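My questions all concern the structure below.
As written, the chains take the letters A, B, C and D, and residue 1 is the first residue of each chain.
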Amino acid sequence: MNALSRSLLIIGIGAAVALLVGFAEGYSQFVIASVAFVSISVLAVSTLAGLTGIWSMGHMAFVAFGAYLSAQLALRGWPVEVAIPLAMIGAGSVGFLLGLSAGRFSVLYFGLLTMALSLAASEIIGHWTEVTGGDEGIAVTPAISLMLGRELDLGDAVVLCVLLATLAFLLTEIIARGPIGRRWLAIKSQRTAATAIGLKPQLDNASAFGFSAAIASLSGIGIAFSIGYLDPVGFDLNMGVKLIVATVVGGAGSLLGALLGAAFIVVVPEMARNVPAFSEFVFGIATVLTLLFLRQGIVPSIGAALKRRSKTRKPETPSDQALDSRAIAQVVGTLLPPATETLEARDLAVEFGGVKALQGVGLTLPPGRSVGLIGPNGAGKTTFLNVLSGFYQATSAEAVRLGPVDLTILKPSDRIGIGFGRTFQHAELFGDLTLRETFAVAALQGAARRRAHGLPNMTAAEVAERIIAGLNLGAVADMKPGELPFGIQKVADVGRVLATGVSVVALDEPFAGLDAGERAAIRTILQGMRAAGVSILIIDHAVQEVMGISDRVVVFEFGRLLAEGLPDEIRNHPEVLRAYFGEDAVDARKVMTA
Amino acid sequence: MKHLQYGLAALVLTANLAMAPARADGPGVTADTITLGSWSALTGPFAVYGVPGVAGQTAFYGKLNAEGGINGRKIRVITEDHAYNPQQAVAAARKLVNRDKVLAIQGAYGTGPSAAAFPYLQQEGAPFVMPYAGALDWYEPPRPLIVGAQTLLDYQARAVGRWAGKDGHKNVAVVHAAVAAYEKVASNVGPGVKSAIPDATVTMVPVKLGTTDYAPIALELAGKTPDAVVFIGTMQELVALAKELKQQKVKTSLYTYGGNVANDLITLGGEAVEGLRSVSLTLPVNSDAPAVAAYREALAKFAPNEKPDYGSLLTYALAMVTAEAIRNAGEPLTRESLMTGFNTLKDFDTGIIGKVTVTPERHLGTTEVIPVEIKGGQWATAGTFVDALSNW
Amino acid sequence: MHDLLPVIAAGIVSGSAYALLALGIVIIFRSTDTVNFAIGDMATLGVYIAVTAIGFGVPVAGGLLIAIVVAGGTGVLTERFLIRPLGAGHKSLFIALVVTIGLGLVIHAALGAIWGHRPTTIPAIIPGTASVFGVALTWNKIVATGIALAAMALVAWFFRFTPMGVAMRASAEDHFAARIVGINPGRIAAIAWFLGCGLAAIAAFFLAMDTSVNANLTLAALFRAFAGVFLGGLTSMPGAAIGGFAIGILDNLAGRYLSANYRDTIVFAVIVAVLFVRPSGFLGAGRKERV
Amino acid sequence: MSALLAARGIGHRYQGVLALNDIELDVPKGTFMAILGPNGAGKSTLAQILAGAIRPAKGQILLEGADVTARAGRQGLIRNGVALIPEGRRLFGQLTVDENLMLGAYGQPRAVREARLEKVYALMPEAVRQGKHRAAVTLSGGEQQMLVVGRALMAEPRAILIDEPSLGLAPILTAKVYDLLSGLRRGGVTVVVFEQLATHALRHADSIVVINQGEISFRGGVDDEATHEALRTGYLGH
C-alpha cells in the first residue's frame, strides 16, 4: 500500500468513525472520544519511540499544554480552529528544545528526564492557579467553532476528538513515515553511519521530539472539550506511564498499534467496570499476558507472524556475473562528480588515555586514484579511518585535509558536503529501512552536492532507482538488511555512500567476511567507481584484494607507518612480511610468494 | 492465534459498547427499584477514604431494603471508581446518567472529582445529593440540583480554630497541605482563633501534599514554639506530624478537623495522638446512641469487611437523609419531586450528625459539628452539636 | 542553621530506605537489564504477609524475615516466569519494564482486594527515643537505620568476598565471559532478584513501621529511590546507596531551609542539573558507542 | 590417539551471514592443534561451538565420543574440562586479578581453588603476581592475555581452546603466550589455537587446520608444502 492510499485510508476511517458517532448513544460516544484522544497521545509517544528510540514518560506535559491552552483560548472566545495550530506550535517548540538534549543521554536516563518533565508540569499546573485553577481544576468553557459557526456541544466535542485523531494520524503518516521519518529511523538504527552520511542526530532528535510534542498537544485539545474539566491529576506521571504501556502493548512506531494501545488502556478498565476496584487488576494482567505472548506488541507481532507465513523467497548473494564495471561507472558518473582534490594526512597521532594508538602516520590519496591501507590486527587502521571521518579527534596532526579543507575542524556530518564518505566494516545499514529507503535517505543528503557540480537533477527516488539498477539490487531493494546476506549488505553500504554524491570514499574492510563470489562483486564495483573518477581508500585485511585494486599501498603496524609503496614493492617488503608472518620470514615468504 | 483472539475480543467489546441499546425505563425509577448512582475512590491513595464511604451507604441501603425499601421499592446504588481523578469522575457521571439512567447521584466522594462532573450533570438535569464531599461554591449561591448535609471543611476549620482559641491558645500554627483546596480550608482557622482571642498569632505552615518525612517540619515548629498546632491535611500526614512532634518533644496541643476523626488515627498514631482535639460531624462510632448502634449492626451485616469508623458512619447518615427525602418526594418519583423532597426536610434528625434542614435558599442541610477528643485511646465527645458558624 | 546536623541526621534516617530500594533496583538491573517498577509493590506484599503473620503471634523480627523471603521469592518467580521468557537484548528493555509495571498494578490491586484499604501498624521493635545531634529519633528509626546499614554492608561483603558475589559482578560486567567460566546465568538472575526485592522489603518494612501498613507504602520512597539511582548511576551499587542517602539528606535540607512545599521539585532540579554534567550519574559507567 | 573433542557436521549462521558449513573435525587428545584462517573465516564461531558456548544450528559436538551438544548454549563445557579463551580475552576488567583467577575455578571448594591459585600464579609473569588486588583492566595487553590463560587453567581443563591469542600483542608477548601454551601441551593438556597470524602457530602446533569461508579447506602437518599452499590460498585468495 503506498503512502497516498494509506493517507486516504486514515481519512476514510476518521470520517466513518465521525459519522458513527451520530448513531451511538451518549456514553458510547464518550468511550469513542476517549479512545480518540488517548490514541493521539499514544501515537505521539509511540511514533517517537518507534522512529527515534526515545521513550518519553513526560508527554502528558504536552497533552496538558494543549488542554490548558485551548481552555484558556476558549475562555477568551478564540475559535478552536485557532487553538489547534497554536497548541501545536507551542508544544512543538518546547519539545524541540527539550529534544536537543536527548542525544546526551542513554535511553533510560532520558526516560528519567522526561519523568522529571512530567513532575515539573504537574507542579506548574498545581501552582499556576490563574490559568489552571490549581489542584482544584477548571471547568472548560465550550469553544466556538468557525466551521460550525457556533459553540461546540458535547456531541460536537466527540466528533472533534475523532477529527483531531484523524489529523494526528494523517500528519504522522505523511511526516513521520515520509522522508523525514526515514531519517529518524536511520539515526535510530545506526547513529554513527547516519552521521557519516551527513545526518545530524541532535537536530533530528529535536525535530522528532518537537513533532511528537505537537501531536500530543492535540490530545489535550480533545480532552479539554470532550471532558469539559481539567485537573492536574489527569495529566500526572501515572498517565504518562500508561502511555508507555499502551505503546509497548500496541507496538512502538505502528499507527494501528497506537490505536489498539489506546483502545487497550481505555477499554480494558471499561471491561472491568462491573467488578469495581478490579480495573487495575485486569489492566495489569492484560498487560503482562499480552507482552508475554506478543513480545513486540500486538501489531508488530501479528505482522511478523503473517509475514513468516507468506515469505519463502530467499535473496541471492550477488555475484560478479550480474555486475558490469562499465555499467557501474556510467551510473556512478551520473551520481557524483569525479574527484578533484587530494586527501592527505601527515604526521598524525592519536592517544587514548595515554595509550598511543597512532603515531606519526599519514598517507596521500590523489584524486581519482586508489590507495590500500593494510596492516595486522591492532595496527590502527580503523582508528585512522575514524579520524578521517571525524569520529575520533587526532591528538596531533601536521595535516588532515581534503584539498584545501581542514578535516580536523569539520563535524562528522559535514564531510559529505565536501565530498568525503565512508563505508563500514559491518555494513552498519539502517536496520529499520529497506535498501531503497536507505538509498533515498542518503540521496537527499547528496542532492546539494550534485546540484553544485552540475549533475543531472534527480529526485531521491530516482537516485535510489539508479543505484539499485547499477548494483543489481532489484530483487532485494524492498527488503531490510536483517533479511539479507552479509554480501548484499556490504554492496548496499557502498551504494549508500555513492548516493551521497561524494567523490572520495574510504572503505572499511570491504572484503571482510565475504566469500569469493561476493568479493568479486565488490571488486567489480570498486573498478566501476575508479573508472568514474572516484578516489578510493581501501582498508582491509585481504591483502591480495587490496593489492589488486590499489595504485599504492600503505602498511601500518602497531600504530606506526611500516611501509609505503607500489603493491609489488609491498608484497616483497621484508618488514611487511615480518609484520604479517613474524620473524620466520622464510616460511612467510613461501606463503606470500608461492 | 490465541493472542489474536484476545485482541478481537477487545475490539468486539468496543463495538458492543458503542452499539449497546439504551434502556427505555425512566430515570432510575421502576415499580420495584430506585437506581441511584455514586462514585468514589475505590483504588489509589484515596481509597482509604473512598472505600469506607461506600460501605456506609451500602450498610444503610442494605438495611433499608431488608426492611422493605421505600414504598415497596428497593434502592440500588451503582458505584463507579474514579481513583480521585476528576476526568474519570466525568466518565463515571456520563456512564451513570447516560447509560445507567440513574435518578440521582448521591453519596459521591471527592470534592474535585465531583465538581468536574457538575457541568455535565447540570446539562442532563441530574441531581447531585448528599455528597461525601463539599466546597463553599456548591451551596453559595444554592444550586437547584445540589444538596448536601456535610458541614463544609471551611466551617469545620473555623470551628476548630475557635476551639483552640477558647482553650486559651494565643500562638497557633496551622500546618496544612500546600494545595489550593487545603489552603482555602486552612485560611478559616485564623478567623476562628481570633473570634475567641482577637490578638492571637496565627502562622501558616504549608507542607507538600504526600509528605512522609515530617522531621523538618517538626523541627521548624520546635523553633516557633506554638501553643497549639492545627492540622489541615490527610490522616497519614497527621500521624507523621504527631509522632514527629512527640519525638522532638515539642510541647503543644494538636487540633484537627472532621476528615481525620477515624479510629485509624488512633491505631496509627497511638500515644502520639492522645489528647488530640477535633471537631467531628458525627457522634463517635463507639457511641451508645441508638442510631449509631443500628449503624454498627447494619455494617456488620451488609459490609462486613469494614470495621465501624467515622467515614462509613457519616455516609450511613447521609444515605439516611437521602432516603428521607425520597419518602418526602412521594409519587410520582421524579428528579423534580426528589428535589422537592429534599427542600422540605426540616430538623431531620439522623441521631448521628447535626439536624438537617433544607430550604430552596439553603441547600447545605447542616453546619453543625461536635467537639471530640482522644481520651484513653478512644474518641470521646467533648460537648454537644454546635453550629460551626456561631460563636459557640 | 542551628539545626543543620539534626536535619542531616533525619535525612540519613529517611535516606536509608531510599538507599535500600535504590540498591535493590540496581542489583536487579545489573543482573538482568530490567528496571523493576514492581519492586515497591513486591516489597509491600512481603510486608502485608509479614503483618498477617505478626497478627498470628510471630515476633516482629520474624515478620521482617518473612517480608524479605516473600518479596525475594516473588522476585525470583517474576524473573523466572515473566522476565526470562522475554529474552535478552536492547529491544526487551522497555518491554520488561512495562511487564513489571503491569505486575506492580496486579500486586497493588491484590493488596487492596485481600487486605482492604485501611492502614494498619507494625509494633515498634524498641519503643522510646534517643537524642542524636540534639534531634530526637525513635529507637525504632535508629534500629531501622542500623539494620538498613547492616544489610547494605552485608550486601557489600557478599559482592566483595563470596564466590557467588564475585560471580555476580563478573556476570554483570560480561554475561558471555561469565557463562564460559561456568557461571549459571539463571542462578545469578534468581539471586539478584531475591536480593533486590529482599532489600526493598527491608525498606518497606521499616517505612511501614514508621508510618503505617498500606498499599501505597513505598510510593513516595520508591520515587526518591529512583532519583537516587539516577544520581548515583544505574550500574553502580555504591552509587545507588550513596544516591539514596544523598536524596534523603537533600530532601530534608530542601524541606527545612528552602520550601517544604517545593521539595520534590528542588530534588529533581538538582538531579537534572547533575545529569547534565554527568549523563550517566556520579558513579555509573559511561555509555559505550561503537564506531 | 583418540579424539578428545570432535565436530560432526557442524553448521551455523548469524543473521544470514555465513559462519560455518558442515564442519568435520577431530581434536586428538594431548595435541596442539592450530586452526588458521583469515578474518571472518568462522574461527571464533567454531571455537565457541567446540567449547559449548553457543549451540550449533546443525550437527553434533562429541566429547570423548559422547554427544554433548545438548549442554551447549549455557555454561559451555567448562565443567567437562573444556576451557574457552574467547577472542578479545573477555577478562572481567573491573574485577581484581585474584577474583578473575578464582572465577576460573568457579564452583570448586575453597581449598581446591586456593591450591590451584598458587599453582597458576607460579605460571604468571611477575607483574600479574605482584598485582593480585589490582583491577584486571589495569594490566598490559600481554599480562591480560597471560591472566586469561591463567583463568582457564584454574579449571584444570583437559583442553584449552584459545581464540586469537596474538590479537593486539607485540610478537615478543605473543611468543610468551605460545611458550606457555606449549608448556601446557607438554603437561598433557590438549591445546587448540584459533589464529589469523600463522607464524607462531606454525612453530608450536602439531597439526594445522585451515578454515576459510566457514569450511575446512585443509588439514595436515606443519612442515608440509601443502600447508603453505593452503595458507596462501586461504589468506590471499587464488
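As a working rule, a contact is a pair of C-beta atoms (placed from the backbone, for glycine too) under 8 Å apart; a residue touches a chain by one contact, two chains touch by 3 or more.
Small disclaimer: the values here were computed from a predicted structure and weren't measured.
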| item | value |
| --- | --- |
| Far-end chain from chain C, centres as C-alpha averages | D |
| Selected pair, greater C-beta contact count between B-C and C-D | B-C |
| Mean-CA-position distance for chain D and chain A (Å) | 39 |
| Whole-Å gap between the CA centroids of chain B and chain C | 36 |
| Geometric centre distance via CA averages, chain D-chain B, whole Å | 75 |
| Junction residues of chain C, two or more chains touched | 109, 112, 262, 264 |
| Junction residues of chain A - those touching two or more other chains | 277, 280, 286 |
| Numbers and ranges of chain D residues touching at least 2 other chains | none |
| Pairs of chains in contact (touch as defined earlier), listed by label | A-B, A-C, A-D, B-C, C-D |
| Residues of chain D that touch chain C when the two form their complex | 51, 53, 74-76, 78-79, 83-84, 86, 90-95, 99, 102-104, 106-107, 110, 113, 151, 155 |
| Residue ranges of chain A touching chain B (in the complex, touch as defined) | 20, 24-28, 30-32, 34-35, 126, 129, 134-137, 139, 154, 223, 227-229, 231, 233-234, 260, 263-264, 267-268, 270-271, 273, 276-277, 279-280, 286, 289-290, 293-294, 298, 301-302 |
| Chain C residues within the chain D interface of the complex | 163, 166-167, 169-170, 173-174, 176-185 |
| Sites on chain C touched by chain B in the complex | 3, 6-7, 10, 13-14, 109, 112, 116-121, 129, 135-138, 207, 211-212, 214-216, 219-221, 251-252, 255-256, 260-264 |
| For the chain B and chain A complex, residues of the former touching the latter | 2-4, 6-7, 10-11, 13-14, 17-22, 42-43, 47, 51, 79-81, 84-87, 90-91, 94-95, 98-99, 111-113, 115-120, 123, 179-181 |
